[in-house]
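Look for chain A in each of the two complexes below; its partner is chain B in the first and chain C in the second.
Presenting the complex of A and B:
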């Protein structure tokens, strides 16, 4: 294959990574932006989404599209409910103290992971894609499902942006993010907003996992990489910034896809980590974050 | 309840009795008593750290009280979650404005309207009171001048159409023309029947807009005096604040 088509293939693979990463990182970024909670268990909500997608598609059977669509709706709802319970039982009782919640979410990470190991097992299990259409380009054929992942993710990101900027719920979330005390003085139930945002963050991770699981398989340890990459994305993009998260996810996903294909995946990770270090030194608030509130 | 007590209760917009408040382990208010009559401006006057801002925050439920009572026209406010207090009819303009700086003027006003489900009419009334804001609706509030920001902070609070308005140092850091405008607005609000508690450091501002002045010292209300008495004998200002 010539360099041009090879680069196009690498870019497409990178965009699939970017799409899933943007959704996962957006969840992490929203939780930190609004609640000031660094959710170390975020990757486990991603893993739960994938594991539940396998369980739902297996239970439903029939045409793969049927099970997949059910998983795309049900898995995020279950994960959101679990996150809401965790927020009420753990984070609220700690009064959202930044240090205490880091330790608590580390605990949540291990509890969720071990429960998945106990009830799901150590095997990696595949989920069939809803369709297996291949788009034939002049140089190579490419998975139609992977392109649909990019499109779905883009749609969800646009929907999230519209909710945040054009709806009352979005206004309430942004007011809580900017100044939670003043928000309360204007009748905003900050505790309920926190619960909703934590659930929404987990649901975004779960949706990303359902989208990617037909490509990568479900495994109880699969939450670790997305967590690390999400942290890289939100540090580069700026915690709490939707625009920054999307730009950083595309940057990291594309560089990961292209560098991995032409050089090595290890070099791609080294460059991403180096980028984080440079951002932390020269622009600690991230590319699109605000310096202080 | 005797006839006299009943008459007092109906003329009082807000009463605080025996209020104790803590920041962590540190006690800030010690059995504070305060009465705000309907349609009047009560000024809290005192040195920095006396407990004036804490009193306002305690009324809003933003600082928990460990003892005492805060009643809004007879309705107990202590124990209510902070987000329920504005719905009861108390609006707050915090020190330093605390606008949602990344949001537009229109969005800040929308937040004010949401608290008590007020609609277009409340929005129009507020914009009539501060016509300058009408031209700035799409501007980010963080880019407004200090005086415009103060107007927006007051507009946002007035969107609640409150019975009681709490103003924490609204003239702080403003130029004289803007201070006059703020004073004029406070007087206008009194004429409209809004009862106001005003925290103020400037003696001239206190004397020009207040009906009563409460001298707050070490978390206690030492004395509440009629502003006419204070004009005639300003010794209380010297006694509690050391100026005047």
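Presenting the complex of A and C:
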């Protein structure tokens, strides 16, 4: 294959990564933006989504599309419920103290990971894609499913943006993010908003995982990389900024796809992580964000 | 913290050291080896406590400082053929220099950003170990060969592989760090650090240069952690990348939280207790990470002060 088509393939793979990453990072960004909580267990909610997708498709059987659609609805709901319980039982009791919540979510990370290992096992298991249509380009054939992942993710991102900017729920969330005390004074049930946002963040990660699981298998340690990448995206995009998150996800996903195709993936990760650490040190508001209050 | 009882505090610490010394001759073989390991790791926890307990800086990247000592000493012996004492000092120097660089960068941030930045630097360090697998052994790690692990003074030589020598060397390192830390906590410098933890702005206003005080604390903490890592490599003979992973940044946090942040003996008690719990439960389940997770959540929810912190609050106000 020549350089041009090779680059196109790398860019397409990168876009698939970006699509999934944008959804996952958006969840992390919402939770941080509204609640000021750094959720270290976010990657485990992603992993739970993938593992549940495998469990649901296996339980339903029949045509792969049937099981996949069921998983796309049920898995995020279960993950959201788990997140809500965790928020009520632990985070709320800590008064959302930033340092205590980090330690607590690290605890959740270990608990979820270990439970997944105990009940799901150490194997990586595949989920069949809902359809297996291949689009034939002049140079290579490309999976139609992967393109549909990009489209689905774009739709979900637009839907989230509409909810945030054009609905009452979005208004309440933005008010809480802007100033939770004043929001409380105006009768907004801040506690319930926090619970809902934490669940929503986890659900976004779970949806991203269900979308990716037909491409890369479900495994109990699969939450580590999305967690780190989401952190990178959220930091570069500016904490709590939706547009910044999406732009950064496309940037990171594309460069990750292209660098990993031509260089060592470990080297790509080293460079990306180091760059982001430097951004945090020298430009804490992110590349696209404005200075925080 | 009270002024009146230096003698009491020193007596308590010397008593603990004497008890550990006597235990060396009483413990059965399995616990003997375990306790030697716990003492080396407790030094790691004490280094962590220096920063987390006294300055109030929560780092999620201390695994890199432990690993700097571990690899610094291990590589010096394996690749360069250095003698044990030189390799030990080399490992400590690696940790101190790394801590200085990380401190200069990371201390520009505060709060949550500090945690994430330290975690990311540690991740870069971990990935670098994997990337340079040709020298570091990658995720397989390396074994420090037995013949190299010998301390020789002129004609006599001590084999670090001998359990008693290993135990007493670990105890020696532990005692030095414990007493140095006790003295430091009681010194002027220790009090400035606590002042920074309690109210950095006010400390600055009183005329203290908080940045250089914090930087010094990062370097001291890094030096202690690297000493623990270097001792681990030389005493137990294994240098592996898992010691640089995120998990080894979380464990000292857990040990310190459990034993009591900002207490001198807390790190030892936390490490001892956690190992003991894991040792008991491993008879029933292999899911020890589950216990780590549950312990972390229960601790932040119900015992944010840890074992010794609670004891100090209730009964023994003079406990350092």
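Heads up, the rule we're going with is that the second predicted complex is superposed on the first by the 289 of 293 C-alpha atoms of A that agree within 3 Å, B and C clash if a C-alpha of one lies under 4 Å from a C-alpha of the other, contacts with A are read in each partner's own complex, and residues count from 1 in each chain.
Operating definition for what follows: contacts are C-beta pairs under 8 Å (C-beta built on N, C-alpha and C of every residue); 3 or more make two chains touch, one makes a residue touch a chain.
Keep in mind that this is a model prediction, so the values were computed, not measured.
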Discussion item. For A:178, using the defined touch cut-off, is the partner it touches chain B, chain C, both, or neither? Pick first, second, both or neither.
Written reply: first
Item to complete: Go through the superposed model and pick first if A:118 touches only chain B, second if only chain C, both, or neither.
Response: second
Discussion item. Quick check for you: in the superposed arrangement, does A:187 touch first (chain B), second (chain C), both or neither?
Written reply: first
Worksheet item: Given the touch rule stated above, what does A:42 touch, chain B (first), chain C (second), both, or neither?
Response: neither
Practice prompt. Pick one for A:284: touches chain B only (first), chain C only (second), both, or neither.
Written response: second
Fill in: Broader residue contact with chain A after superposition on the shared chain, chain B or chain C
C
Worksheet item: Thinking of the overlay built on chain A, is A:168 touched by chain B (first), by chain C (second), by both, or by neither?
Response: first
Practice prompt. Would you sort A:219 into first (chain B), second (chain C), both or neither based on which partner it touches?
Written response: neither
Fill in: chain B/chain C common contact set on chain A
none
Fill in: Residues on chain A engaged by chain B in the complex (per definition of touch)
168, 171-172, 174-175, 178-179, 181-190, 290
Fill in: Parts of chain A lying in touch with chain C, wherever the complex brings them together
38, 90, 93-94, 98-100, 102-104, 106-111, 113-115, 117-118, 228, 231, 235, 264, 266-267, 269-270, 273-274, 276-278, 280-282, 284
Response to the item:
Seen from chain C, its contact residues with chain A in the complex are 58, 60, 105-106, 108-109, 111-113, 115-117, 120-121, 123-124, 127-128, 130-131, 250, 253, 257, 287, 289-290, 292-297, 299-301, 304
Worksheet entry | chain B to chain A touching residues, read off their complex | 60-62, 81-87, 92, 94, 98, 100-103, 107, 110-112, 114-116, 156, 160
